[in-house]
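You will see chain A twice below: alongside chain B first, and alongside chain C after that.
Take a look at the complex of A and B:
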């Protein structure tokens, strides 16, 4: 179990207790967290679950994969060092809590 | 005056026991009551096919559709995505990246994805407004028009053509060939109606249609034009090797071109037609949007609601690669499973008042683009942009849209759409 805090675009916050094995996109969809579309269902292909990681407690996250970085660069105007696809961050036993800011790209 | 931003969906086809395999059923309008019954009473229902098909499971609730769509290893696309039974040879000849699973799908899709990213598509807005200008000015001059034919049918191919790099003058012909392929069950669009005449000799062509050959030839010509010459369009981009140095094969390119002409056109067309139908029948919605500036946030929520409301791709098929239990039904390995996106988009369990068109619907997580799985629509950013800009430009040119005759629906159990929408446009 880990605490996942989402900071929404209006700066309001939603905190959810998440299970090991779930990723940040799935958790957001299951809990109706606004701003995460998860269009490709976690296939690392669309960036509609773009978040910026503000903090992690317990462990350091793994580096972005080549594909994740490629998708971010194709879809996001300015990719920050903490830009991630929510679907690529899976809750594991080591993560105690994580805070991410939602950077929605649903609108065009 | 109180803002009334909601309206109730017209139910043209209220047959609670409608046969969802029959193309004729959908010609009477989407059978909302039959799907509501299935969602309520039998959300994973076995459906027999009368055309010789082996039958399929119909998954009709929103959450279940997302579950199936999100498990591509168990619910594979690599044995076909439409209900039609195909031999291995037919399947291989006609397949696109849509009929593959990850990781093969991921590699192929990324090749095409380069041309349709949100970042790239967002640069097309001025171009799309310019095309709207030509087509809408002509339509508004006519006053009484079939809004599907004169507006919704013309815009998407002109827009797609400019983006991918086909000449404007070919747009009408490409649309007619695209229709003959994807609307292969409607006699208004093809002489080779799939369930009425023998189409066996075309079984190796896209959509089992002779138009597939014409589109293959056309695509090949376009490819040749770009072989040693980058024309700065999406087709040129797609013909370049990707980061890993991989290039599309001839067949991959031709099948993608056919898919783009067919699927890239009609779904956007029918979303625009459905949107104009909503505007014509709901003056409050019309007035509210007409007074909203182009950059008002209401346009973003309205566009998502227009798309949910239309839900033109009604289903896709998957094939189970192992046994799976859903709602106490045992889906067996090899069974066909149809996920009904249109039904999911009207599921009361997910959407409050789903039969209300709600301009301000919050967190509208519709699945009209097949969201929730790797096969989510490649053109979704382009579609969203086209629908929003087309409706904005239309409303700038008219004071009133009135429907002056009954709408007609496409004869298809696959694509849902208003194929004729007679309206009177009062120009501004």
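Take a look at the complex of A and C:
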């Protein structure tokens, strides 16, 4: 179990208790968190699950993979150092909590 | 202002969300013939039919519609478009007026027109998927008719569950129309190695409770699933006298022959630099990107602003057993195929070339080459095979050089 906090475009916040094994794109869709589309269903092809990681407690996240970075660069105008694909961040036992910012429906 | 959207598949639903993002005040009404909150279709053939849960993946959260004042009308088939008086009729006699209308009615599966054809199950909706899931859990021998993407996904998923699986394909190869022949061959080899019995050049002649009689043999099966392609749901558009040809004809702004009626997703036949000068796609990329373009253009129409053209680099994926197939661009009959050299084991990258120029790329278990391929296809200048050869198959370095 980990606490996932999404900061939405209007700066409101939603916090969800998420299970190990789920990724941040799935958690957002299942819990009605606005602004994550997840068009490719987590196939690492669309970047409509773009989030910016603000903080993580419990463990450091693994670096973005080469593929993830390529997808971000292709689809997002300004890739920040904390830009990630939500579908590539999976909740594991070590993560206690994570806060990410969503930039609403992506690539419009 | 009122926008009415017919069909709450990936296209219609995403268009509603995008319109709401751009304008807080427009009245948005979304009509669905189905009874379920809009859901994603790709997982149906990849996991839903192999699971015993009733869960499925929604496109937007279930409360999104209420929270965003999108009037979602489920179980509400639209029966008529009246383009002269700008209204649609739904259920039997209710009427709703529109300023702009979006047709996103998608496709429906072809029926199998052979004796016993009704015994074959087909997969398009969540209802179909839940029904097939029950049948699969009970079946031992499964025959899948149609070796397209969905047929291959169903066959490989069933095989993973240790079912005895036969895959029938009427053409000379599975995935015949969709990928390079050498690519299809490689996928076919994999399925064969997993124990799927693939029969090509094989047509089903009749179905009964024991199985299928085909042009080559009799196949025993206790469950038959058919995935033989789909046809666009054009009835409403035909009756409204819109221009039709393999779907609803739209211009590069996704406008039909009526300037206040737009069409998007699987139903829309749009201008594209292809053999016929047009293209109709059946993919999530297309549904999602057209939805966003149409939302922009409806707002632009309202504000007298410039329209945006829809000029995609199409992409698609399919999950088959341990294989991830990713396709980008649009191949054609004149294309030559070139297997990219120096690739890691278990992967395959095939380039489609027309007059030496890259037009499409198929990759197997190689997401990075897929993404690099899309970057190359979207490059201002044509990418030539000689450019690619110079980098000895390293697409990423070529992308870097071009930037």
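As a working rule, the second predicted complex is superposed on the first by the 105 of 108 C-alpha atoms of A that agree within 3 Å, B and C clash if a C-alpha of one lies under 4 Å from a C-alpha of the other, contacts with A are read in each partner's own complex, and residues count from 1 in each chain.
Convention: contacts are C-beta pairs under 8 Å (C-beta built on N, C-alpha and C of every residue); 3 or more make two chains touch, one makes a residue touch a chain.
Values in this document were obtained by computation on a predicted structure and should not be read as measured data.
Peer 1: Following superposition onto chain A, is the placement of chain B relative to chain C best described as a clash or a fit?
Peer 2: With chain A as the common anchor, chain B and chain C collide in the superposed model.
Peer 1: Considering only the touch criterion stated at the top, classify A:76 as touching first (chain B), second (chain C), both, or neither.
Peer 2: first
Peer 1: Taking the superposition on A as described, I'd like to know which of chain B and chain C A:45 touches: first, second, both or neither.
Peer 2: both
Peer 1: Just chain B (first), just chain C (second), both, or neither: which does A:31 touch?
Peer 2: After superposing on A, A:31 lies in contact with chain C but is clear of chain B.
Peer 1: In the superposed arrangement, does A:87 touch chain B (first), chain C (second), both or neither?
Peer 2: It touches nothing on chain B or chain C.
Peer 1: In the superposed arrangement, which partner chain does A:53 touch: chain B (first), chain C (second), both, or neither?
Peer 2: After superposing on A, A:53 lies clear of both chain B and chain C.
Peer 1: For A:98, is the partner it touches chain B (first), chain C (second), both, or none of the two (neither)?
Peer 2: neither
Peer 1: Is A:2 touching the first partner chain B, the second partner chain C, both, or neither of them?
Peer 2: Neither chain B nor chain C is touched by A:2.
Peer 1: Per the contact definition in the header, classify A:67: touching chain B only (first), chain C only (second), both, or neither.
Peer 2: Touch status of A:67: both partners.
Peer 1: Shared contact residues on chain A, chain B side and chain C side combined as an intersection?
Peer 2: Comparing the two interfaces on chain A, one with chain B and one with chain C, the shared residues are 29, 32, 34, 37, 39-41, 43-46, 48, 67, 70, 74, 105, 107-108.
Peer 1: Which positions of chain A touch chain B when the two form their complex?
Peer 2: The touching residues are 29, 32, 34, 37-48, 67, 70, 74-77, 105-108.
Peer 1: Which chain C residues qualify as touching chain A in the complex?
Peer 2: Those residues of chain C that touch chain A are 10, 14, 17-18, 21-22, 40, 42-43, 57-58, 60-64, 67-68, 284-285, 288, 292, 295-296, 315, 317, 319, 324, 326, 367-368, 370-372, 374-375, 396.
Peer 1: Looking at the complex, which residues from chain A come into contact with chain C?
Peer 2: 29-34, 37, 39-41, 43-46, 48, 66-67, 70-71, 74, 104-105, 107-108
Peer 1: Chain A touches which residues of chain B in the complex?
Peer 2: 66, 69-70, 72, 102, 106, 109-110, 113-114, 117-119, 121-122, 243, 300, 304, 362-363, 365, 369, 371-374, 376, 380-381, 384-385, 388
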